[in-house]
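Multiple structures are listed underneath, in structure tokens.
Paired with chain B in one complex and with chain C in the other, chain A is shared by the two complexes that follow.
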Partner chain A sequence: MSGNAAGMLSRHGSTPFPADKGRAAGAPAVRRRTRHWRRWVTAAVFLLPAFVALLMLRVVPTVEAVTLALGDGERVGTWENFEAIFTDPLFTGSLRTTLLFGVIINPLQIALALFLAVVLTQRIPLVGLWRTLILLPVAVPQVVSAIVWLVLLRPDGPLNSFLERFGMPSVPWLINPRYALWSIIIVCSWVGVGYWMTFLVAGIQEIPRSLYEAAEIDGAGTLRRFRHITLPGVRRQLLFVLVADTVANFLVFAPVRILTQGGPARSTDLVMHNIFERAYTLGDLQSASAATIVLVLILLVVVSIQFRLLPGKE
Partner chain B sequence: MRQVQTLSTGGVLLLGLTMMVAACSGQPADQPATSAGGETTESTETGAGVEPVTLTYIHPHAGAYTDAIEMFEASHPGVTIEEQAIPFNEMITQVQARLGSGDDSLDLIAVDPPRLGNMVLQKFLDPVDDSGATAEKVSKVGLDSVTWEGQQYAYPIWTSVNFLFYNKAALDKAGIEYPSDDPADRMTWEEVVADATAVQDAGGADYGLGIEQIDRYYALQPLLMSMGADPGLGGDDDIEVDVTGDKWVEFGNWYAQIHESGLAPRGIDASQMPDTFGAGQVAYFLAAPLRITVFQESSVADGWGIAPHPYFEGGDVVTPTDSWAIGVSAYSKHKELAHEFAQFMTLDLEGMTSVSANLNLPPVNQEAYPVYLERMVALVPDALGNMEAIITDDSENYAAHRPSSVGYVEFETAMNKAFSDIRNGTDVVTTLQSTQDNLERQLAKYAK
Partner chain C sequence: MDNTTLRESRAGRRAMFIAVPVALLSLAPLFWALMSSLRPGREIFANLHPFTLRTVFPEVWTLQNYAELLSGNFRPALINTLVVVVCSVVGGILVASLAAYALAVIEFPGRTAVFGVMVVSFLVPFEAIAIPLSSTFRDWGLANSYLGLILPAIGNGLAIFNLRQFFLNIPQSLAEAARVDGLGYFGIYRKIYMPLSRGALVGSALIIFVFQWQAFLWPLLNSPSPRMRVATVAIADFAQESGVDYGQMFAAAILTAAIPLILLLIFQRQFGGSMATSGSKE
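Up next, the complex of A and B:
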């Protein structure tokens, strides 16, 4: 936002600052200083809303979280809250569950999104309709879709009735620790895949058709065209999807809260739910803040690794 | 051009400053101010000399207070009560989140009595100083439920009992006799399970047995204690946990068994359970009377009856008690008015009667209680003819309060999860042991 404001300033004003400085040479010093000052005020005023929002929504909460997490050093030891969460099997278990969840869901969602993006950029009938249908779950609020899934996945719900009708056994979707995390993965992917697909579709459409035509003339098959043209061509979008999807899946909360509340047997207690429960069910803001800082640090490490592994530049 | 620029600069500056002030400052009680979402806290003097004030009340009882609010607003021109009715679990977390950050946009809060101690510890509630008005009007049990270390912190609204509702058509199909509504002739849980199984086997219902507040300590504590277990939280400092004893395991096995066998449903949470009885899916249903009017509008209308809360053979009769109270937020800017509204809802006959008419729990207000009984019995005389005798017997002889402890929030949260896991098939001993370990760790902070 601040970048846009600066850009607007340089376009809106008759001259950008450096040039203005040169032109003002020879003018009375007071007049020059006044004009100079006024432009700075204008810039500050345009930047103020963004600055205030940044301060109130990012900086203040971060400082508060760090202050709460670190303790006062007297009544609560500086690192006591961190010690508490790292010796709490509920938190360490939650971290393990979140990492397992991430290891499964991120490749799964990205692979599915990429597959659908490739399919839906081919010349197939009603392609717009299929894209819309796949993207549609994004438009449904997460809470609403989770409630619908809650009914669908009940042991006596429509999904199991459907399976039983075809002679298959009913599945304990949300009540068995072996299935519950998969159920959350299904629900999250139902929403996520269409969303990430959209970015990849845009990326694939940017690849010149001539490259495919040339490769086809040279006898390259579908797989080789995908490997040597599509994948390199869509690399920048893929990097964005990889990073954004990873972050989003680290922060999954609503489906867990509504479908399983972290159960059964803590099998779906993803770290955001664990933090929420600490803060707002048990009222332990200190350990929740410490856990939040740990989560942010983990995210930074994971995202940094991703940037290194998959550079976006040509 | 410069003029335009100067004007727009001034406008943006003003906008920015306004935003900053709105974001940074609280709204002084004596300044007119409006916040988003209609949570207005205006106090501007009007021509008539009336100060418009909005009180915000957060609770999980949609529809219960509508009439009482209308009456209060009619007698207090300029006062608006804004309700924020949200489900139980979400209300608990919202209250914690909002009052935990000192949010002054909440004036009144529905208080679950066992959580009162923890709320007092966090300084969420404004103490009640009504010169004994509550003590004069409500039952001693009701007053005790909102008193912490000798100080009253809320106004009790209802008490609670659980009846064993039964679906007549389902029992008829299996040729099972209706249970007695005489409190001296209570069924044992062994009898209930046997009959429920017979009804289910005969195709009378999808499920033989259902528990309205499934997996919740409130509903299961009486069963545990009837089986001979201790409440699980107590000791000299009220924060000692013991949920791994033989009787706890025995209860855990019983609870696991009724669900594993399919007698009671798995995977349906407490909010969805009442619908199962209303839809005729359940033969016997342990529930509070709060949904009597809802059942009368469902497919089982006039086709149900009630029996007293069962007990385990050879064990004591133990029944649940206590219900919601209304507290005034310590952060409210209108404490006096909020107390007045809370008193109207709980101590005023008209206010309390209307509340219990909408949500059919027995009021602790001793004047409103007979009116409630009369109304309920008139509504379904066939089923509720002996309701008064059951409530009296349960509350006077067998009621077990939930543990009064600063650690109750942690305890209830962990137990509800443990019961849910046991119901869904996890190993009973392992679940109870890990719950014990977690609770000991969580409650250690209160021993400091």
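Up next, the complex of A and C:
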């Protein structure tokens, strides 16, 4: 999952650029030009494998997707596939489900992550242990966590048995269209919240304690301190979490595939799963490609709106 | 005890009331999976109603599930995953470190632009292009092959970015000294940059490792043949079989979850990146 990698990014991302060294001064112009040229060739040789990978793995499939999406099997240059998917209630329904899912899960995960980050930056004994336990689910492959939840959420599973023990009604988690999407949201949040929390914990820890002490002397309560010190202080991390979380939630696949296969009554048919079924079950690569392009465009739009909404300083 | 500490300890206690239940809640599903993997398969559902301690803790403790799992169908899948992961990490680190070295050390015109293009293009979520890529790979005859499974991890943009940042921190004077001693660009890469960057190399290796270990959509698309199944796909198949042996399924889940956790614990210390700056003062 690309998510874990983002952790590394933030860890090493703050490394300052050292100033570039000036070129060797005073060398004759001709020699400098040959050296220049040789350096360029050397760089190209070192970069070649990565460049080939980039070409094969990013550029070619993108071109392939566009060609497939704009083709009808014989010629290229038709909007047929896009017309087809947008008049297909299965696809528009899947887009609606995905948007509903996003509108619920993103604020929920981010609010929970922020709340837990504030809680877990208080002075608590064994704070590291609690943070690690909350982070643990993200270290588990998504497929594995989906499998575990598949059994937990069965009608006769341990979760319902637990609820009944305490006098609560059992819930048809995965088999009723009204609950299935919520079940996916619970599973994804169980994985995600601890992960996003970690970034916000790091952000809160960077805020100077003296700010809080000064606010306390001024008599500011918990909520005021949160609004005027914590929130502005974690702005940058919050922006990162907002963008990365939204992108991740648009691309949810494994939990849907394992828990519900899009059902019941297509109530959990998130767009990645819809695209997968087009390509794999139906073998319709053209409409799958058109749908992929629609997904990428939506991602671009959503992410750029978010960057506008939360202008981070710097 | 003065006023501030008193108030702080009260806030701390309040925070404990939230932190501990949330932590236990997050642990509970995995703990239950672990317990279920240590009991005979039929015992898992026998004790569900009513919910008691027996629901969670086995009556009979056994490693039978693990033994059966590793002698059955799951073994080739686990071996496939290990082959893919090892090749991806070795190949990925080689390609990424060469690129990062060029981008950090060799001064050539357009360096910033090349760096920008590489990072941005690799930040496009892989899942989004996986489906068109799978049809390309089928055309190239890479479906159902190790190579087809390994390639997507090569040239990982985050690994390149991570290593470049680290290489930039290595004092240039070391490389200059080596050049005086007659080392070329490749020699400097091999004899100076690589040995000094162990921490960052481990970090990048973990990025690639986690990417491949978790991979599910791509193996599903590229390797439909049962012979080329990887562990995650095998587990998913487990769950979809009728009459599945839940004991073995949980054992597979725990095994797949535990291996990355153990590696994380082993390599945790390397992360700090113990860069040797002793040769130079800058």
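Heads up, the rule we're going with is that the second predicted complex is superposed on the first by the 274 of 314 C-alpha atoms of A that agree within 3 Å, B and C clash if a C-alpha of one lies under 4 Å from a C-alpha of the other, contacts with A are read in each partner's own complex, and residues count from 1 in each chain.
The definition used in the following text is that a contact is a pair of C-beta atoms (placed from the backbone, for glycine too) under 8 Å apart; a residue touches a chain by one contact, two chains touch by 3 or more.
This one's a predicted model, so the numbers in the text were calculated from it and none came from an experiment.
Superposition note: with chain A as the common reference, chain B and chain C are in steric clash. Using the contact criterion defined above for the overlaid structures, shared-chain residue A:239 touches neither chain B nor chain C, since it reaches no partner. In the superposition on chain A, A:136 makes contact with chain C only, while chain B stays out of contact range.
In the superposed model, A:263 lies in contact with chain B only, and not with chain C. When the two complexes are overlaid on their common chain A, residue A:276 makes contact with chain B and with chain C alike. Applying the stated contact rule after C-alpha superposition, one finds that A:211 touches neither chain B nor chain C. In the superposition on chain A, contact is made by A:176 with chain B only, not with chain C. Using the contact criterion defined above for the overlaid structures, shared-chain residue A:254 touches chain C, although it does not reach chain B. Once the two complexes are laid over each other on the shared chain, residue contacts for A:88 go to chain B alone; chain C is not touched.
After overlaying the two complexes on the shared chain, residue contacts for A:49 are found with chain B and with chain C alike.
Touching more residues of chain A than its counterpart among chain B and chain C is C. Taking chain A as the common frame, chain B overlaps chain C at a single listed stretch, which among 2-10, 236-244 or 398-406 is 2-10. Comparing which residues of chain A touch chain B with which touch chain C, the overlap comprises 42, 46, 49, 52, 56, 156, 276, 279-280, 285. If you check the complex, the residues on chain A that touch chain C are 1-2, 4-6, 8-9, 11-13, 15, 17-18, 20-21, 23, 36, 39-40, 42-43, 46-47, 49-54, 56-62, 64-65, 68, 116, 119-120, 122-125, 127, 129-130, 133-134, 136-137, 139-152, 156-158, 161-162, 164-165, 190, 194, 213, 216, 222, 247, 251, 253-254, 257-258, 272, 275-276, 279-280, 285, 288-289, 292, 295-296, 299.
On the chain B side of its complex with chain A, the touching residues are 5, 9, 12-13, 15-16, 19-20, 23-24, 89, 92-94, 96-97, 100, 118, 122, 206, 265-268, 409-410, 413, 417, 420-421, 424-426, 431, 437-438, 441-442. Across the complex, chain B is touched by residues 38, 41-42, 45-46, 48-49, 52, 56, 88-90, 153-156, 172-177, 261-265, 276-277, 279-283, 285 of chain A. Residue ranges of chain C in contact with chain A, taken from their complex: 4, 7-9, 11-12, 14-16, 18-20, 22-24, 26-27, 29-30, 32-33, 36, 44-45, 48-51, 55-56, 94-96, 98-99, 101-103, 106-109, 111, 114, 118, 121-122, 124-129, 131-136, 151-152, 154-156, 158-162, 165-166, 168-169, 172, 185, 189, 200, 203-204, 206-207, 210-211, 213-214, 216-217, 220-221, 232-233, 235-236, 238-239, 246, 249-250, 253, 256-257, 260-261, 264, 271.
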